[in-house]
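In the two assemblies presented below, subunit A is common to both, partnered first by subunit B and then by subunit C.
Take a look at the complex of A and B:
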């Protein structure tokens, strides 16, 4: 469209101002703050400490003889995200294939059922799940006892390993509807005649899945998985509500560690150290974003 | 095996799988329902009965006694939702117009930055946002939550706005330009009326996000009970040492009615927007 050269910039200005003030400036602040020592209670009182906060990340240990608090959180984040995203992809693809199948009746009904958990605020889902997982009165225990899977109730959030698994299962539950709906819309773009041709050639279901379905939805699967991975890396509220990072530090992922270091561990933590941790969070998410943007661009050309 | 029996068998097994899947998805919702619908004393039976023996609605009225500010929290969340969507629209519409209709040097990097910005979550900017808001004296204000909340809805809103604008034929605007309209009057005379479906989608997307997902931001930006969004308000009662589960679950169910209904109404637009936004 023909207009003055300045016109597009005028319309873009609000976006630039908003991003500048509340995204770029805070990011720059994180970098700056990571070289200072100060508390969130009194942000104007800052002391320059150079690279000390970064050294602290790799040396400070909390309840663990082997890893530093930060490295422990980083390792847990990777496993936790792997578990959650793995479940989301596996169950998400399974659910989408089911909902796309000609054999399933009542698809609309199941689709609507999926929308309900999607639209519940995460914080509330986590609160409900906390009660569902309760070691004595929760529905999961009750189900397991009534189905004779176990005889004694089990406190899922009370032990390190089970709490770790429970939190990422809940996170997967929260992210699953998005995954199913997105993959379903990807499946629906596959032309039916491909399957018909394969049937005539005598191909079975598994062959059709491997030779038609998977290659056809690969781009969608890739972008959705990357998107979901980033969101899972940033997941804070579900873990915070379910375990607050505990028992001890069993579910302390990087977001929990950042929050604790800046706002809870007032004696040995601080905004500077939390900022140094945040840099790693930003780097992780940025590198995933880079791959995501590359795959999007690749899809365009 | 005959083909028809094979088909039937498949139908049955798929149906069973779908039911198991639904049970997993609905389990906590069922938990919330039975806890809210049974008398408070029966919350403390172990193992809990799978089906309620008697049903009562007392927890729903008790919810308003337990959480006395429940209407205020709901109103606050409504204000945050409206504020966040107003800001998102105000920024995304002109930005979408600019990015979809003009070719200029900043366009391509800006599009990439919008996708990148969509990857940000409150936890990554929590500390600096707190410090910035504190410096401006905005801690414990509606404005801090609305500004900080918008940061995370603006990227997808802009993306939705750009992709919808690209589907509108440019000829109408060109004709208006010929007739002597300026680009500034085109935006509210032609673009905004044509973009109605996208406006609705952006508004609802940002409203639901602002309404629902302010928990992390509120944790550091709001400590005044009168300004808390519903998630944080209810969390106070959740984190107590003894929790009244019946009324709390009832309060949660009452509060989720709003986003669930909205979502069911506009699910189609949101899914369309999301698929056109992230799947190309």
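Take a look at the complex of A and C:
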């Protein structure tokens, strides 16, 4: 029996509807909203402002004399995402290599342990870390004092630099299991005979890692680091719970700035400005992703 | 005859269905002592006295209450009645989100409350809420730590306050002279406001709307906040007032400013607790001071059933219900008759009720509280972190608030 020409489209219909409802429509609405001035409190009262909201992104300098609120948040986001994703890749690869090694006993136990940060809701993980990093009752301070690393407790979340580092370390901790599991699955697909042949040729561990392991897991590495970058760019809960974007604006990344602009700063902000910020973030993340894919694919050829 | 019965039955059925479909949505916060059980009794009680009415109570964590209100208005799905902080009234009212209540609040009802309570609920000449919770704050102190450090009387001015904090401060033992808040959170602004008002300062002049946060009194208050913080727990920029009780209960703090319910909590944990009012600063004529925070219940402008919404608000604000709520939560009574209840005659209530005499409204004249609070928080944090001087930080905050007040 020959299938009708329209049959594939019938099967595709649910996907197209879902795609339109959950992606195209919201995105188009955000684009539209970015050209208006209005508040959630009075959504029917919309004023067309054209490109003003986009200009505002670069001119609103109330909180810093150097950068606009948006640019300040953007720069922080780039460093924050770099720190978090870098840490996830570095520790993720290390963890995956360890779990893939032959000498490690009890791998199943470690794999189960690894899932814990991922299985706990993000908000809960952030709350746990809020108290773990606490200057008075925190476990880390307690350990540091008992091991005589410091004589007095240190409030990790109380100072700009330490708060900035602490928030992306917590974010990396939450995202690490995904990275390890995915990279481990990549490592397990590498045929053993490649390593055996390299050993016969006299290659050391480092050479084997650089010439066999890395090239073989490159597709997985590319995918997970890209996904991780996109997710980390949108990371909100850990920062909000740990520092609320402070001290001052030390941890005000783009998602925090967008949230403040749309929900909190009714006079300075508004839905239109927050939408403009969102569109800019979408374009930026998409461009970065494209550049990243092209660069890595180029290297491959 | 059969026809008559049929029509009667039909009319009755329509009437029953019509009455039964009256639904009221009420938004309430949870967290701290605000539990679902302690608030759902209101819905059940109202349903019993109003057959055919269904009260849908929605609950949201305190920290998300503002966002929930904003998003529900955005979705055209605002609750009929909602619990709000009175500091949000100007923003909500000026956006047309609330129903003015002067046509509903009777003279008799108005006179049930202390007149000063209403000052937080009036904006632009209209009444926007009915009081639900009121609080004043005083210093709670650890008598044992005071005694151990040779302090025989409680401080009555800022010099004595600083000197006592210094005496108690012993970081090697993990004991701090004073516990302070500095995290980006609304209660940090209120904690600073305690010193600001105690020194005769204010954020804006409620009569003219002029920004006063960079006045000499305010600068002195922030200088003092910074000076005091030297004898507080380290890293105060990550401590909220709500978390300080954990340090106080553990015997780690000499004194701090908080509610009566946390003082009771510390007593239960075995701390010998004493109270003293917040002393006036060097630039103030008043001997003591406290910031009065009022939360209220308001009616949404989107409600389709204003009469029923008001009936519920009226039901929530009877003397009996207000007394039940305040004794349960440990709030200062906003009603004159309520203050005569035996519970409020107890020794630990007296400092809080007496403080009312020196009360300052938390947000009088402030048009956009959330943005104003953020500007002040940035100033407080940048001073605590040595990024700017109190003068520079408050000047910057004043410039921001001036735009918000336009």
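The working rule: the second predicted complex is superposed on the first by the 284 of 301 C-alpha atoms of A that agree within 3 Å, B and C clash if a C-alpha of one lies under 4 Å from a C-alpha of the other, contacts with A are read in each partner's own complex, and residues count from 1 in each chain.
As a convention for this text, a contact is a pair of C-beta atoms (placed from the backbone, for glycine too) under 8 Å apart; a residue touches a chain by one contact, two chains touch by 3 or more.
Everything numeric in this text was worked out from a predicted model, so none of it was measured.
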| item | value |
| --- | --- |
| Contacts of A:57 with subunit B and subunit C, given as first, second, both or neither | neither |
| Greater residue coverage of subunit A in the superposed arrangement, subunit B or subunit C | B |
| Which superposed partner A:73 touches (first subunit B, second subunit C, both, neither) | neither |
| Touched partner set for A:96, first subunit B, second subunit C, both or neither | neither |
| Touching partner for A:136 - first (subunit B), second (subunit C), both, neither | both |
| Subunit B versus subunit C as contact partner of A:43, first or second or both or neither | both |
| Touching partner for A:249 - first (subunit B), second (subunit C), both, neither | second |
| Which of subunit B and subunit C A:268 touches, first, second, both or neither | second |
| Contacts of A:158 with subunit B and subunit C, given as first, second, both or neither | second |
| Shared contact residues on subunit A - subunit B and subunit C | 40, 43, 136-137, 153, 263, 271 |
| Complex contacts: residues of subunit C adjacent to subunit A | 66-67, 70-71, 73-74, 76, 91-92, 95-97, 171-172, 174, 182-185, 233-239, 246-247, 252, 367-368, 370-371, 374, 377-378, 381-382, 384-385, 387, 399-400, 403-404 |
| Residues of subunit A touching subunit C in the complex | 39-43, 62-63, 134-137, 152-160, 163, 243-249, 260, 263-268, 271 |
| Parts of subunit A lying in touch with subunit B, wherever the complex brings them together | 1-3, 5, 7-15, 18-19, 22-23, 25-27, 29-30, 33, 40, 43, 91, 94-95, 98-99, 101, 103-106, 110, 112-125, 127-132, 136-143, 145-146, 153, 173, 176-178, 181-182, 185-186, 219-220, 223-224, 227, 230-231, 234, 236-237, 240-241, 255, 258-259, 262-263, 271, 274-275, 278, 281-282, 285-286, 288-289, 292-293, 296, 299-300 |
| Contact set on subunit B toward subunit A in their complex | 7, 10-11, 14-15, 17-18, 21-22, 24-32, 34-35, 43-50, 87, 90-92, 94-95, 97-99, 101-102, 104, 106-107, 110, 112-117, 119-132, 134-135, 147-148, 150-151, 154, 158, 170, 173-174, 177, 183, 187, 208, 211-213, 215-216, 219-220, 230-232, 234-235, 238, 245, 248-249, 252, 255-256, 259-260, 262-264, 267, 271, 274-275, 278-280 |
